[in-house]
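Order of writing sets the labels: A, B, C and D. Residues in every chain begin at 1.
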Amino acid sequence: MSGLDGLYQELILDHSKHPHGKGLAGEEGRSAISHQRNPICGDEVSLRVRLDEDGERIRDVTWEGAGCSISQASASMLSVLVADAAEDHGGMPRARATALIGGFREALRSRGAIELDEETFADAAALSGVGRYTARVKCAMLAWVALEDALARA
Amino acid sequence: MSGLDGLYQELILDHSKHPHGKGLAGEEGRSAISHQRNPICGDEVSLRVRLDEDGERIRDVTWEGAGCSISQASASMLSVLVADAAEDHGGMPRARATALIGGFREALRSRGAIELDEETFADAAALSGVGRYTARVKCAMLAWVALEDALARA
Amino acid sequence: MSTADTPRLDAAALRADFPILEQTIGGERLVYLDSGATSQKPRAVIDAEVAFLTHANSAVHRGAHTLAAEATELYEDARATVAGFVGAEAENLVWTSGATAALNLVAYAIGNATAGRGAPASTRFALHPGDELVVTETEHHANLIPWQELAARTGAVLRHIPVRDDGTLDLDAAASVIGDRTRVVAFTHVSNVLGIVNPVADLVALARAVGALTVLDACQSAPHLALDLPALGVDLAAFSGHKMLGPFGIGALYGRTEVLEALPPFLTGGSMVTTVTLDEADFLPPPQKFEAGTQPVSQTIALAEAVRYLDRLGMDAVHAHESVIERRMMAGLREIPGVRLLGDAAGAERVGIAAFDVAGVHAHDVGQFLDARGVAVRVGHHCAKPLHARFGLTASVRASTSVFTTEDDVDALLDGLAGVRAYFGVES
Amino acid sequence: MSTADTPRLDAAALRADFPILEQTIGGERLVYLDSGATSQKPRAVIDAEVAFLTHANSAVHRGAHTLAAEATELYEDARATVAGFVGAEAENLVWTSGATAALNLVAYAIGNATAGRGAPASTRFALHPGDELVVTETEHHANLIPWQELAARTGAVLRHIPVRDDGTLDLDAAASVIGDRTRVVAFTHVSNVLGIVNPVADLVALARAVGALTVLDACQSAPHLALDLPALGVDLAAFSGHKMLGPFGIGALYGRTEVLEALPPFLTGGSMVTTVTLDEADFLPPPQKFEAGTQPVSQTIALAEAVRYLDRLGMDAVHAHESVIERRMMAGLREIPGVRLLGDAAGAERVGIAAFDVAGVHAHDVGQFLDARGVAVRVGHHCAKPLHARFGLTASVRASTSVFTTEDDVDALLDGLAGVRAYFGVES
């Protein structure tokens, strides 16, 4: 898939229209929030991460924000990724989240050289195409940077 | 005469080596002094004009200063021009000096289009060639601007 | 000027003068509608700079060798040419690296006067706590933040003239905002978002009545309108070369003689001094007083070529052409469902700038969608966040014209926009 | 590095890369010995700028269309390239319009910290009456007057490290000038008059011992020496593109991360902010915090090409070549009757700059005489008046080299000088 449709895959448009995890959950238990902003377009995201008691596993990720379809879809996909891990294994381990964020960043900065693997990134793999649009990388990264920052504070 | 010898005519080198009017005369009677400086090369001239009692005629022009051969020769030639007028007619009329300064400036700024007339400018006519060297026009103008300024104050 | 008298301009033919327009973007013809951010350069401008670099390149005002003398002449000729383009004399034009630098120059020079620097005449610019600086709600950040910072450093108060819903300035409010405490009124000639020409004469009259200094941001007027800055009566004005077919890295501050003479210097360094000791320096008269360091000589020469290019077209012809394009663009935009124009004041005098929101589709997505069709527009807040906030937005899409913008270009924009909401699945 | 290991550089062959050198001056071959004022540009640099202007020209960091994205990538790649050239990371390199602007940035940012602007961390830069700023007697006006003005605005005291008769800095005096009250030590790496490389490590050690900020003027080292600014240990450093084969209108400020983070902004405007309301603005992290307004994009790209050109030659080879030329020039000058070299310290590390006085002939006349033979040198005070005063002069003649300077060029200078006193009738 090339051109515009390679960027705006069906899945991305779906997520942006029907976002998951949108609406900040209550500040229950061990949690932290991060506000991130893309100074170029003014897009913002506020993202809350909630952890289990010993702070090792992520219970959920919720967010609020306004922005382009890429930034909205990306936040939604990130939220789903964490939610699935929580369902399957009682929460995504912190280290795993950090690794995912790192891998995501690397792929997006690769100018299209690295494809995100569907097995690992689930729906977010559809964001691979963003790497070829350097001006949009920040849009896709916004929620992921917010999670990274929130984890550092939690 | 073209090239370097058109700029540095024998007369110019003579005046610069044996300058007339160098050494400021005493502040006698109606007189005024002006300090001028070329910020590019640091050349300076201090020039004193002395007038007759009613301020209509210039008795003499003396000066002090350091600078390139063009600026030194130009000051010297200006001094002679005034001195000759003083000898012949009891002093150069103020208006005549103003006209000479204007004519001199116009010729020097003409990029070589206007030649100074020997009849009118005497030795200073040898400075016509400076007009073709725009970077040197300020050097030649220095003493003349000083006289203009001093006259305005006298 | 009646349309019959106005010289015509053949925009489609002018495209050939702009080498970059030969490009295709993903196979599509490049429709460049982002001249408001930076203009493209005609071949003549690029050639003028290359010719200078390969024949006369030298630093200016510093030496006697042939290249230096030639460069100095070209540089001062360029100053006279660009000054003439805005109706001014050479000595009233200060080179700066751009409009942002020019506006900062003014704000910092006033700060320096406040700190007691400058000639005795500079004290008239010194600010005292309670003094007021006035801007408008339509300002570009470049004509807003320097004044915020100046206010913060000096204890002065920053006030603003509000904008009405239709994008015009609220002149009634202006008359009450500008008062006895007002020391500076800084405002844009044309908003870089709305494209509306502000009422300079009214604002100058209000400022003059209270003895305030006027600072005009002419960034978006200089490329599009015939300017006569002295006739406008402003004290100071700033514009950027790269927005008027010239190169990056060069702009200018115009100033009335007595204002430039009285303002203290801003940047200090070489080529702006008379005497210098280890302890202190004396400064040259304007414009040199404000031109510290090695000047962007090649850029001044290229900018002079750019204004000669515009002069050959005739600024009245440029404005007439861009008005035709602008009206077609605005009319077309009004008809697209979901498109909301910012500042669509009926009968307002305008240049070829249109900013809009597309309901349900983020500006970034609109821009990307258009880009895939070769249409380059700007998306974001265009460095005018307060104005966007005024319209309840964080971002908008902006299309802006130049001399080479054709009706086909406008139609490509409109065709693209007609499909954008469907693509992103927004019902209309 | 031993001469055997040093890569060689064929200067005569390099002349072909510089289109301007094909010119004749009044029929004579152009011998350009004024690279200290501004360097000539190789074709590759000119071509890189033209290629950008005709293919990717756009404003950066502001849009999503293809040209804007491409321009932004090229611009940030250029930053990384130029940063790498001086041993730094991209985020430690701030683009400025030149060294003068970079040095003013530092002085004004410190002034802003003093006025209470900036992050809480900025207070460490705030000056208090009695605080001292230290420069050297060899400074270019660009690294002197901004400090004079900062001192005058804040009540700080400006002191200086004297220069010895042989042109070297008096380090004993430096040790007593730099003391507990010293807040800033600003000094040049290489004097633009003397060509002598100053002892950076010694000065940094003295400054560090008292917790003073170090500011290096690297204008005359960047074009001639392999630089590793982090290894030199300075806090901040400035250089200009036009002196290192790049274009006018672009330069850089290097800064250590924590210093750039703590310094308040200087110029304010677009592209350097996060949020902006009508009342206040928040700023991006460095380097963007210092890059207000539309950046000189094409010039950054051309400068990157210039440093790639220098990198291909190898800065060790450049320095080795220029040292050979410099020694031939200095030796030749010493032998001409009536020529007095400024700063002829035995065994000093030098770049290819020689300034001198010709007894009985004014510098301007010497320059004119040489120009008639095609030899372009600079005459005047070279924006270092205090240093000239130190040597009892108001003006000198300066010859300075570049990568393309050949032994023939030096001989043309020396031949010309041999006849200059006779021409002006000065007995030797």
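Basically, a contact is a pair of C-beta atoms (placed from the backbone, for glycine too) under 8 Å apart; a residue touches a chain by one contact, two chains touch by 3 or more.
Note that this is a predicted model, so its numbers are computed, not measured.
Visitor: Please report the minimal path length, in steps, between subunit A and subunit B on the chain touch graph.
Guide: 2
Visitor: Ranking chain pairs by contacts, what comes out on top?
Guide: C-D
Visitor: With chain centres set to the mean of the C-alpha atoms, which chain is at the far end from subunit D?
Guide: Checked the centroid distances; the maximum from subunit D is A.
Visitor: Give, as an integer number of Å, the spacing between the C-alpha centres of subunit D and subunit C.
Guide: The mean C-alpha positions of subunit C and subunit D differ by 31 Å.
Visitor: Could you tell me the distance, in whole angstrom, between the mean C-alpha positions of subunit B and subunit D?
Guide: 39
Visitor: How many angstrom between the C-alpha centroids of subunit C and subunit B?
Guide: The computed centroid separation for subunit B versus subunit C comes out at 46 Å.
Visitor: Which residues belonging to subunit D are in contact with no fewer than two other chains?
Guide: Counting only residues that touch two or more other chains, subunit D contributes 26, 62-64, 68, 273, 275, 364, 368, 379-380, 385.
Visitor: For subunit B, write out the residues touching at least two other chains, lowest number first.
Guide: 40, 133, 136 - these are the residues of subunit B that touch more than one other chain.
Visitor: Which pairs of chains touch each other?
Guide: A-C, A-D, B-C, B-D, C-D
Visitor: Would you tell me which residues of subunit D are touching subunit B in their complex?
Guide: Residues of subunit D touching subunit B: 26, 361-365, 368-369, 372, 379-381, 385, 388, 394-395, 423-425.
Visitor: Which residues of subunit D touch subunit A in the complex?
Guide: 61-64, 68-69, 72-73, 273-275, 284
Visitor: For the complex, give me every residue of subunit D touching subunit C.
Guide: 19-20, 23, 25-26, 30, 32, 34, 37-38, 40-41, 46, 49-50, 53-55, 57-59, 62-68, 97-101, 103-104, 108, 112, 115-117, 135, 137, 140-142, 144-146, 148-149, 152-153, 158, 160, 240, 242, 247-250, 267-271, 273, 275-281, 292-299, 364, 367-368, 370-371, 375-380, 382-383, 385-386, 389
Visitor: Residue numbers of subunit A touching subunit C in their complex, please.
Guide: Residues of subunit A touching subunit C: 3-4, 7-8, 13, 16-17, 40-44, 66-70, 133, 136, 139.
Visitor: Report the residues of subunit A in contact with subunit D in the complex, numbered from low to high.
Guide: So the residues of subunit A touching subunit D come out as 37, 39-40, 133-136.
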